[in-house]
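Got a structure for you, questions after.
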Amino acid sequence: MFSQKLVSQGNIRLFSTSSAAAGRVGCSLVKPVHHLIKIDKNKLSPRFPELNLEKNDIRNPGFRPVATHQDRVAEHYTNTLQSDLLLMNFQHNQRRKEGLKRRQWDGSSPNHPSRTLRKPKGSEVETPDIKIYTDKNIPIIESITLNCYTKLAKDNANHAISAALQLQQITNCKPKPLHSRKDVIAWGVRRGWLMGAKVELKGRPLSQFLSTLTEIVFPRIREFKGLSSRAGDKTGNLSMGLTHEEISFFPEIESNQDQWSKTYGMHINIKTTAQTDTEARRLLSAYGFPIHGTERKNAF
Amino acid sequence: MLRSSAKSSIQTLSRGFLSAEQIPSKSGPIQFVRGKRTKKVSSISPQTQKIITQLSVLSARKKVPRVLKLSNEDLVRHDAVQRAWGVYQKDKRIKNKSDLAKQYEAMNNAMTDLKSTNRELYDLANVREVNKKFPLEFRIPTHFPPNKVWYYDYVPKDETKTTKEN
Amino acid sequence: MLRSQLLKFSKRFMATATQDSKKELEEITKSWASNSKSDSFKIKYQQSRRAVLNGVGPYGPPSLRSRRAKLQYMSPLGLDEAFDSAYEILKTKSNETYKEIEELDTKISQTKNVNELEELNNLKNSKLVQAEIDNPEVRFNFTYHDKINNDSSIIDYNEPVYRELKKKHWEDYSQMLLMQRLEQLGAIPDTLPTLNPRAEILVKFLNHTTINRWIEPGKLLPTNATSYPPSFKIQEYENVDPKKQLYTVLVVNPDVPDLENDSFKTYLHWGLSNIKLSNFNENFIGPKQILENKEINEIIDYLPPVPEKNIPTQRFITWVFRQPESISINLKNRDFDIRSFVEDHGLDAIGGHIWRSEWDSSVAKVRELYGLPKGTVYHRVRK
Amino acid sequence: MAFWSANRNVSVIKSALGLASNVFSKNSTLSGPILQVRTATKRAAGSRTNMKDSAGRHLGPKKNEGQQVEPGQIIMRQRGTKFFPGENVGIGKDHTIFALEPGFVRFYYDPFHPRRRFVGVALDQESRLPTPHFAPRARRFGYVPIEDPKKASIEETHLNRKQYLAKPKLDEDLKFREQKRAKTLSQYQKDLSQIIPELEAEQLNIASEHLLLVRNHLKNGSNDTEARSTAIAVHIQNLKLSLRKREINDSEFKNSLDSYQNLISRLEKEVSFDSKYNLIKFRSEEERITLVNELRSTIEEVLKSNSKDKLQKVKDLIFNSTVLTLSEAVKFKRTFAKSVLPESIGVSESVGKNSIVTKRWNYTKQRVEVIARTKEAFLSK
């Protein structure tokens, strides 16, 4: 009633901060400046002065201590693996190997110039060149992404929360939510449903996870064969899966098993800077990843 | 002991969540007895309670440590330590890089020499071994040695056999 | 919880272990190699120096005021040990750099090519910065002392390292603020096309006792505050020779009504040339310096802001230039084309400042003081 | 925030707060997704969407290139920004473009926004838009001077409401300040005539004005040289201005400048300020320090005496002193005018009739210490 009265009088007070709602036009014109100095408005504002300090200043609330403990996995890489990998990947007089690239049309049609180029031969997508191996591009594990998508979450979103917690317990990193990307009638899943969680590991958490995985989890999996020699995306990124039973071998889960009545399997995607899967597997074998099967003949 | 309703509700809330109907009404004061549970049996199912616990574990609240208050002198000292750590790491990185560059150069030179002296040996040395891997026994060094330091009588498994069996 | 207990324990332990406060009296054994080179590389106040180099003793840090706060203060555990080894690392690094500088010096003495020499000098300058920038004493001096009205025995801007630190400090706030205001108030295309700031310009009106502070760029000042000429501080950050370099200062007002063209024209309110700064510390150009320094040439005498009633706010832009040679012209007419003046004399704009002024009740007094005619009054409504 | 914002989780939170009954136990029995099925309930009867059209919105340019416009005239009506507002035009909430200045309409492209078309108003017929980026802006003044002197003076004295209301108070403050200034000035003249009796009346005037200005600057926190040089600069500027106004001629200017400089150098030798900014005969720093030391010994003597109001006496000595600088006065107050003296004085061995027990927390030993003090330690007793 009160609001009706206001409207009838034409005294509508708008509290929205957006200019469109305040009766102004939605037209933004950024005027070009006459100088080359970049202006950081946060620094000119008197609010939150401690956030303007450098990130490695202890007074900044975003400060994180960098080296809290020894990282034996990273040290193993720099002390031993790097030079070994350089030696193993080395080939004298190596040439840069062109990847598969899109091809020109033959020009038989007048529409060819404006058409997108033909697909490469033998592949749907372009593949990168294989560059010469030097001391500058020794393969390294860049990151590991743990992807925990659980089917159970479609009926009960609580499973997604549990899955996220499981990831956090294992990795000690904050997971991100995973939503289904589109409607899949066959799975009974709608777009936007919370279906699980994922976490990308880098640096110390990566080392920690890697050593737990290879030293504690893998040895306890019964009849574990290891990574397949045929797995990978051809550009040096490998992936494998752990079932929900195998998850319980992680010490963080195992020590608290009565709390974990239900565990969730996950995908482990390992992103390396290796140029081919073979080299990526070679790199992983150094960390104690068992690898089964033989390499493809035309792996190189 | 009589307390105002607002205060007592805070005291009971601190033990856990209350359902809407259980939050004491503002009308009359209630008696608070220390140690006595004032709420009835929770209507939250154990499943929901579990999810609440899980969400609270996931949330960042209370996990952010308080900012250390350092004196001016200690701030400068702390800054010096961080700078020194940066310098030390940078030196290490530079040395590592130069070592690798040297190794690469040496390998390249050796192979060039070999090519000019003995072509056959060179070809053998330059074969790309696709299946070459680190042995499974290769370990990331640990702080403490294993119970048995070295397996002198170790015989590696024949990989080809196992794959055939599979 | 555990941490606080540990701290308490360690404190108690410390108190008993150093009852005779040996640590407090302990001599400062640490010192940077360059400490002898300049006094400003040392912390002046001995207690602070001891606290930074030897660690905060049982009597607490000298930077805290009250006795209670001092006694309650607790250094983080392990900082002392870490600092000792960190100091060693930084010191050796600095010594290495000083050795490189020595080699550079011999090279400089042998070179005769001017371009090469300049390059080497710049390299030496950067090495001098690199050698000292991690020195905890230098950092302490710079962080906790007045950076504008600096005491040259604590912050000495003749040392490249302090100039570098101040430059960063300036870029972090004042430079951005100035450029933002120049752009927002349209000073940049209206007077000069652009500005590449390389020096900090600070402006102050000494005559007025209530505004006796550095003026924030873009501030609206009352006319009685600006009735006598302003004073400047020109803080150079580039490696110029202060003994040779000459500067020009122009105060222009691009908002003088031009009724003939129904537009605005630019007035030169004050012009000084051939200003010399003896060094990087003594760079204040106040009434004393102008009276005593006979080399300074007044291009035109000071005309204070006397805006007329009902015209828009006027901008007063102070431009500071490096001049390639001495300028000894005197102007009579205030109508001024700053662009052609800058081009004619080959001036290089290194910094600027802006303040604004509008009509207020004291305009009449200032006009009377300067013997100016009564100002025109305009209609309140713009047509 | 982002994590658990899924719609379905609202129910989780609700149930957590006990607002909804147990949702999940019910839901968990559902085997698949809930699919909405739409059934036909009405026979098809032609589409309702055809046969309706609104009147034209009269969009498009209202002024063409080169056409003259007055402020407020509409140049363009459009949906969305088909044309962007350029120089001297504004844009309404329905993207209508209108003129802000009188001039000539220009349609143009701007190199900073290569994909946009602009409409602007050029101030004169010859100029083209956009004006070059680094060129000074073309601005119209637009204000008209009031010719009638009567009307002009009325306009000049016009105050807005805020100024009008504040004026009496400001005038009163000004009057008060001027009275105070006149009082100090006359005091300075009196003092100065006693210190340097041979000064003439005009010189006395100039000197006291100068010293007053110096005093104001010193009180404001300027250092000594800065304060003096500013006062000198102000005087010289005033002389120059009276020369410019032809109130004095060149020779008079030179004479008065010389006599002024002589006067200043004399003042610097013969007059100085005490700590209360009163004028006194020149006193060097060494002399001041001996006076400070004398004061210290008098205070110590007072402290030794047994008089009851010694605390007040010490305080008076410090506050009325004209030799102590502000920081020295604070230091003196902290050392001598404390109600309890430091523990170097008056700690008694045993707790008895003549001693007073004080307690204090020892941070290093983490316990309360009990200390007996004699009555000497308390200035107020």
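Order of writing sets the labels: A, B, C and D. Residues in every chain begin at 1.
By definition in this document, a contact is a pair of C-beta atoms (placed from the backbone, for glycine too) under 8 Å apart; a residue touches a chain by one contact, two chains touch by 3 or more.
Treat the numbers as computed from the prediction; the structure is a model and nothing was measured.
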Taking each chain's C-alpha mean as its centre, the one farthest from chain A: D
Higher-contact pair (C-beta pairs counted), A-C versus A-D: A-D
Whole-Å gap separating chain B and chain D, where each centre is the average of the chain's CA atoms: 50
Centre distance in Å when chain A and chain D are each reduced to the mean of their C-alpha atoms: 50
Rounded Å distance, chain B centre to chain C centre (Cα mean): 46
Chain B, residues touching no fewer than two other chains: 47, 51, 55, 58, 68, 70, 75, 78-79, 85
Where chain A touches two or more other chains, by residue: 34, 158, 161, 164, 175
Of all residues in chain D, the ones touching two or more other chains: 3-4, 12, 24, 133-134
Residue numbers on chain B that touch chain A, as the complex places them: 47, 51, 54-55, 57-58, 60, 64, 67-68, 70, 75, 78-79, 82, 85, 96-97, 99-101, 103-104, 107-108, 111-112, 115, 122, 125-126, 128-134, 136, 138-143, 162-163, 166
Chain D residues within the chain C interface of the complex: 133-146, 152-153, 155-156, 216-217, 219-222, 225-226, 229-230, 232-234, 236-238, 240-241, 244-245, 363-366
Residue ranges of chain C touching chain D (in the complex, touch as defined): 8, 11-12, 15, 58, 68, 71-72, 186, 189-191, 193-194, 206-207, 209-210, 212, 228-229, 254, 257-259, 262-264, 286-288, 290-291, 301-302, 309-311, 369-371, 376-380, 382-383
For the chain C and chain B complex, residues of the former touching the latter: 48, 51-52, 55-56, 60-64, 73, 75-76, 79, 82-83, 85-87, 89-90, 93, 134, 136, 139-140, 143-144
Footprint of chain D on chain A - complex, ascending: 23-25, 27, 29, 32, 34, 154-158, 161, 164, 175-177, 179, 185, 188-190, 192-194
